[in-house]
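To start, the structure itself, in structure tokens.
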Amino acid sequence: MNEVVLIGASGLAREVVASVQGANRYIGILDDDPATHGRTIAGLPVLGGVELAADRAERLLVCVGAGVLRRAIVRRLALLGVGADRYAAHVADHAVIGAGSRIGAGAVLLDGVVVTADAVVGHHVVVMPNTVVTHDDVVGDFVTLAAGVALGGGVSLGEAAFLGMNAAVAPGVVIGRDAVIGMGAVVLADVPPAQTWAGVPAHPLTRNDPKIARSGP
Amino acid sequence: MNEVVLIGASGLAREVVASVQGANRYIGILDDDPATHGRTIAGLPVLGGVELAADRAERLLVCVGAGVLRRAIVRRLALLGVGADRYAAHVADHAVIGAGSRIGAGAVLLDGVVVTADAVVGHHVVVMPNTVVTHDDVVGDFVTLAAGVALGGGVSLGEAAFLGMNAAVAPGVVIGRDAVIGMGAVVLADVPPAQTWAGVPAHPLTRNDPKIARSGP
Amino acid sequence: MNEVVLIGASGLAREVVASVQGANRYIGILDDDPATHGRTIAGLPVLGGVELAADRAERLLVCVGAGVLRRAIVRRLALLGVGADRYAAHVADHAVIGAGSRIGAGAVLLDGVVVTADAVVGHHVVVMPNTVVTHDDVVGDFVTLAAGVALGGGVSLGEAAFLGMNAAVAPGVVIGRDAVIGMGAVVLADVPPAQTWAGVPAHPLTRNDPKIARSGP
């Protein structure tokens, strides 16, 4: 049993605490908003600002919905001496991880997630409920997969990419770093880094497209 | 263990009986169709018409696919003195309900449903398999969520709204009472009461649109 | 416990081996590619070509993603005297099969699949994670359902039909044999045999449509 402090007084933090799993015991939250300090969220005390992580002994789990913000926090804490070994993962008891697949430190996999064979889920990845990761997928660090996403085999997702709810990605597709995929999108072709694609089939969004990519983890 | 009588000799009733859960024991069915009386459905006897519910001692569960019909039955029985305390919920053993979330009386949550943190699922709500309800969602009474639906955080669904299979709703969206959302719809904006929206992204259906909203629980 | 030999040194075979279930013990793989012979895949030895199945005593499971290829292998082995009784099914421990539903020999149902009441899943069907089959559905032999598919009640799928990830099929719809349904498609009308439909709502694809049907199991 790891004692773990959550970073971010967020909805995601509450979802992590509400999800049963046998590996971690959550004991508090750190958040940069002074208004949260001293409050109790999901039964846990908010202990102070994020920098306190450097002075504490527990393991850490960054619970911020946006991957780019998780990356910013991890980089900030690295400058304070917080290494990769300090981060715990949260794999819910009702997530299913196939033999041969690997889950990175700091990853959050909520209930109903299925990872089949020989997939690599990176560090600080967030996977919302009932999402499916299949054989040989490579999910980069800081990626966010919203609920109900389905990945075909051999998909590669670049660092901090975001996939909206119920999006589907065809086998072998490569999605670049910091790309955003809209809710319900059907991705059939490779997506360059930092682009936003949406629709059935997915295409790059332009200035005049509806805000189909709006979504959260 | 509650002894429970189902109302409605429907496919949904058979799905409830087929779904393993430890809280209820189903002992019979009531249905207004005289042709069903005396028959055996899913191993249970059809005992007679719906009004018999007022004279029986068991708990009740309304198993009718359409929320507006569930509402009509509950109102009809209320006039006969059947109070809210008479209704049992069915939460399948393979559904996952996060700490802090509440499930109303008369609700049906089938296997693979995940409810994360601090959500409120109303009375007589039906949630089909593998649907995801996330943090701070408010699902109104008599709502129906078909299979594979995904709700972002902070979504509000009005009474008796219907969401078709694999629909997705962006965080914070408000869907009005009696609204109908089509299969595979991606809902990015608030939906007024009693409207039908469908598509990616979802838009109001007009007389000439295909019957994309067609679906059942 | 059945001793089972897998046919096809595929990603699907690795997903089957990676998925925990209590009924089968996998002991080897047969594949027609001589380059695989003698190699070890997912911890199992590749024992030789597919024809060896006729001479062995174990049960068999065809792990090839495309239903038409599974059908071709089963027919080829039938000519060598391999009968239907030789095939085992793989139902993952985290799949949920409702009472009254039947699963055919040679079928693969991975984790998170939910089958509700009174459905018939045919022989050599492959169902990827988190797909939902509901009441009275008839899933023909050699059908492939990719991840996240949702079927309404009373749907009928013809032999070797393929449904892409996150597709949804309205209640009562009939999809013909060898039909292909694209990823994320919303099927509201009957689909004739051997046609390819895709989109929201789904329509027949023409020569100029994007390759929306591209997908794998």
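For reference, chains read A, B and C in written order, and residue numbers begin at 1 within each chain.
Note that a contact is a pair of C-beta atoms (placed from the backbone, for glycine too) under 8 Å apart; a residue touches a chain by one contact, two chains touch by 3 or more.
The structure displayed is predicted, hence computed values, not measured ones.
Q: Treating touching as the only link between chains, describe the layout with one word: line, ring, star, complete or other.
A: Graph shape here is complete: every pair of chains touches.
Q: Quick check for you: after a Cα superposition of subunit A on subunit B, what is the rotation angle, between 0 and 180°, in steps of 5?
A: Between subunit A and subunit B, the superposition angle is 120 degrees.
Q: For the two copies subunit C and subunit B, is the contact made of the same residues on each side, with over half of the numbers shared, or of different residues?
A: Different: when the shared numbers are divided by all numbers used, the fraction is under half.
Q: Roughly how many whole angstrom separate the Cα centroids of subunit B and subunit C?
A: 30
Q: Hey, what residues on subunit C touch two or more of the other chains?
A: Answer for subunit C, listing residues that touch two or more other chains: 112, 130, 148, 166, 184-185, 200.
Q: Can you name the residues of subunit A that touch subunit C in the complex?
A: 96, 98-101, 112, 114, 116-118, 130, 132, 134-136, 148, 150-154, 166-171, 184-186, 188, 200-201
Q: With touch defined as at the start, can you tell me which subunit B residues reach subunit C in the complex?
A: Against subunit C, the touching part of subunit B is residues 11-12, 14-15, 17-20, 42, 92, 94, 110-112, 128-130, 146-148, 164-166, 182-185, 198-200, 210-212, 214-216.
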